[in-house]
C-alpha cells in the first residue's frame, strides 16, 4: 500500500475520531445543548464510539489514529504497521502527520457543528475543554504518571487483541477506550493520544472562537509526552513478556 | 426481489425504528412515566436500539430505513440497493415512500403506547418533541450545518462497514447512532433521517393529541434537506476517496 | 430432547432472569443499597443482562424464558420449540410451568440477596416493585395496550433474528430488551412476560417479607394477558408477512 | 504450558482487572476527579470493562483472574484449567498466588494514577472503598449470602458459555459482570472474587496513603469466603445438572 493511501486513511479516521470525541464534550459542556450536563459516563461512551467509527474509516491503514499506537507498534518490533506497510522512517512520519492533521480537522468540524453553543457559552475554560484535555489538579509529575498509565493500558491491551479470537472487531477497542475513560480519565481527562490533544489545541488557537481564552500551552506537552512514553512502554513490555514466558517454559 | 417486498420490509423496519425511537423520548419527556427525566444518554441508547431492531426487521431489503441512506447509496454508485434490487427511479421511490409511511405508522403506535402520559403532560412542546426534532437554538444555516454533518457521519461510516470484517451485524449501526446522538445531537436533536422526522411530524399534525400545539412546520424542512445533503455528500466522498487513493498509489 | 431436560433448562434460565431482573430493581428501589436511585437506564441494563444470562443458562431448550415467546413460536407454526422439541400440548405446558416456577424461584433468591434492605425499606410499594410491575397511571385498556405493544416488539424482532446473520447470539436479545425497556417501559414497567410478573408476584404473596403490603392482585392479570396477546399477534404477523411478500413477488 | 507462563499471564491479567476496577471507584469516590459522583452504573461499566481487558491480557492461561473461578473449574471436574494446564495442586496454587499478586499490583498502580485525589480526599472510608468492598448494612450472615449468590451467578454462567455458540468472546464475561454489579452489587459492593478484594486490601494496608483509616480486616474474610463458597457451589451444580438431565432423558 502506498503511503498516500495510508495518509488519506489516517486523516479521515482521526478526523472522525475527534469530530465525535470533541463533539460529545461540546454537547455536555456548552450552554444550551440538549445533552448539557449529561455526565461523565456519556462523555466516555462518546469517545469510545468515536474510536469505533474512526477504526472503520481507517481500517485500510490499520487504524492507528494515535501516535502512541504507532510508536507502540514500532518498538514492539512487528515489522509492519498494516498489511503491506513496512515500519520505517517515512511510514512513521506519514502516520504521525496524518494523525495530527486529521485530529485538527475533526475538531474544526466539531466546532462548526456546535457553533451557536460556542457563541452562547460564557466560560472560556468550557470552550477549551471541547478541544483539549486539562488536569483536574495540576501537577507535572502526577499528570504525566496518569497519562502514561492510561496509554500503557490502551496500547498494551490492543497488542493482545490479536492473540484472542473474537468477532468483536472495532468494538473491542471502543469498549477499551470507554473503560480507560471511566477508570483512568478522572485526573487528566485521558488524552492517551498526542494527536487527539495537540491537533484540536492548534485548532482552538487558530479558530475565531467567540470569547475564547488561553489554549493552555504550558500544559500541552504533557498529553503529548505522557502518551508517547506510555505507548513505548507498552510496546516494550508486550514484546518482552513472551520472551520471558518462553524462557520460563524451558 | 420485487418492489412489493422491499416496500413491506422498509415499512415494517422504519415503523419499528420510530416506535422505539419516539417511544424513548416519550418515556423521558412526558409526565408521570417511569423513565421521566431519564437523561440524554438514555435517549441515545433508545434510538440506537431502535435502529438495531429496525435493521433486523428490514434485513431483507437492506434496511435503509432512511432516505438519506438510500440517497447516499444512489450517488455512491453501487448499482444495487440490496441483493437483487437495482438502483432505478422506481426502487428509489419505493424506498422513500416506504420509509416515510413506516415512520408515520411507528409514531402512531408510540403515541398509543403512551396515550395516558400524553393526556397528563401539560406542555405542548414536550408532546411535539416525542414526534419530531427541534433546534436548541434556532438558526437556519447552523441547524442545517449540524444536520448535514451528523448525517454525513452516519452514511459515510455505514458505507465503510463492508470493508471491515466483523461479526457485529446490526450492532455496528446501532452503536454508530448512539455515538452520533451523544456527540452531534446536542444542537438539533439529530434527525439525520428525513423520514424519521417528517413521518412523525405528519402523525403529530393528524392525530387527536389532547392539548397539542403547533407541529412547527416552519422548521420541518431543515431535518429533511439537511440529512439529504449530508447523505449525498457522504455517498460522493465515499466514492471519490478510493479513486484518489488509487491515483495516489500510482 | 426429553421434556425433563426442557423443564430443568427453563427453570434454571428463568430463575436467572428474575434473580438478576428483580435484583436490579431492589438495588435501585430499596433503602440503603449502593445503587439506590441509580436511575431507569440502570434498571433497563439490569433486565437486559438478566435476559442475556438466562439465555446462556437455558440455551439447550431454546431459552424461551417467557410464555409469550413460547406462544409466539406456537402460533408462528415453526413446528419445533427447540432442536428436537416438537410443538404439542405436553411441551407447551412444560415450557409454561418451568417458566413460572423458575421466575418464582429467582425472585426468592433476589429477596434473600437483598434481605437487609427489604427490612430497612419503609415503603411497601417499593418492596412490591422489586417483584412485579405496576402501572404509572392505572387504566385497564391503556395498560393492556402498552403491554401488548411491548411484547409484540419483543417476540416479532426475536422471530426475525434467524433471518439476519450475525455473531451476536444472546447479546441481540439483551439489547432488544434494553431497548423495549427505555422506549416502551415508561407506562407499565414492561412486564412483557407473564411468568416474569406472575411468578415473582406469587413469591411476594408467600414470602415473609417484613412490612410488605398488598400484592396488587387486581392488576396482576394485565401483565399476563397483555403479553400473551402481544406474543400471539407477533407470531401471526411474522408468519403472515412472508406469505404476503411471496404473493407480492408474483 | 509451563506454570511460569500461567503465573505471568494471570498476574498481568488480574493486575489489569484491579487497575481498571479500583480506578473507576477512585474516579467516582475521590474528591476533585472529572468523574466524581458519576453514579453506580458507571462503576459497574468500569468493572465490566476491567474484566474485559483482563481477559484479553490473560487469554493464554484461560483468564481465571479469580480464585472463585479457579475453584469452580476444579470442582466442576473439567480436568484442565486451560489448554495444556492440568488441574492439580501445583497449578491451583499457581493460579491462586498469581491472582492475589496481580490484584495487589493493579491496586498499587490505580493508586498512583489517582495519587493527587487520594491526597485531596478527606474521608478515609472513600479511600478504602477504592481498594476493597464493604457492606451497605453490616451483617455477617446476610453479607455472606449476597456474596455467595453473586459469585454463584458469575461462575455458573461462565461455565455455560462453552455450550452456547457466539462470537462475543470476552464481551460475554464483561456484560455478565456489569449485570451482577447492577443487580446484586447493592448490598456488599460485589467482591465476587477473593483476590480482587484481598489483594487491594493488602495494598491499602501497606501503601503510604495520606490520611488513610482502617483496612477493615474484621470484614475482610467475608469477600474471600463468600466467593469461594459461591464458586464451589456453581461448579458442583453445573456438573450435577447435566447428570440429572441425562437421567431425566432415560
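The letters A, B, C and D name the chains in turn, as written, and every chain counts its residues from 1.
Convention: contacts are C-beta pairs under 8 Å (C-beta built on N, C-alpha and C of every residue); 3 or more make two chains touch, one makes a residue touch a chain.
Please read these numbers as outputs of a predicted model, since none were measured by experiment.
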_Greatest separation from chain A - chain, by CA centre_ = C
*asked:* Rounded to the nearest 5 degrees, how far is chain B rotated relative to chain C when their C-alpha atoms are superposed?
replied: 90
*Copies chain A, chain B: same or different interface, half of numbers shared as the threshold?*
different
_Taking the mean of the C-alpha atoms as each chain's centre, how many Å separate chain A from chain B?_
29
_Taking the mean of the CA coordinates per chain, how far is chain B from chain D in Å?_
41
*Touching two or more other chains, which residues of chain C qualify?*
39, 41, 167-168, 171
_I'd like to see which chains touch which, written out pair by pair._
A-B, A-D, B-C, C-D
*Flag every residue of chain D that touches chain A in the complex, lowest number first.*
1-2, 4-5, 7-9, 12, 16, 19-21, 23-24, 26-27, 30, 32-36, 38-39, 41-42, 45-46, 49-50, 52-53, 55-57, 59-60, 109-110, 112-117, 120, 167-171, 174
_Residues of chain C defined as touching chain B within the complex_ = 39-41, 44, 136-137, 139, 142, 145-146, 149-150, 153, 156-157, 160-161, 163-168, 171-172, 175-176, 178-180, 182-187, 189, 241, 244-245, 248-249
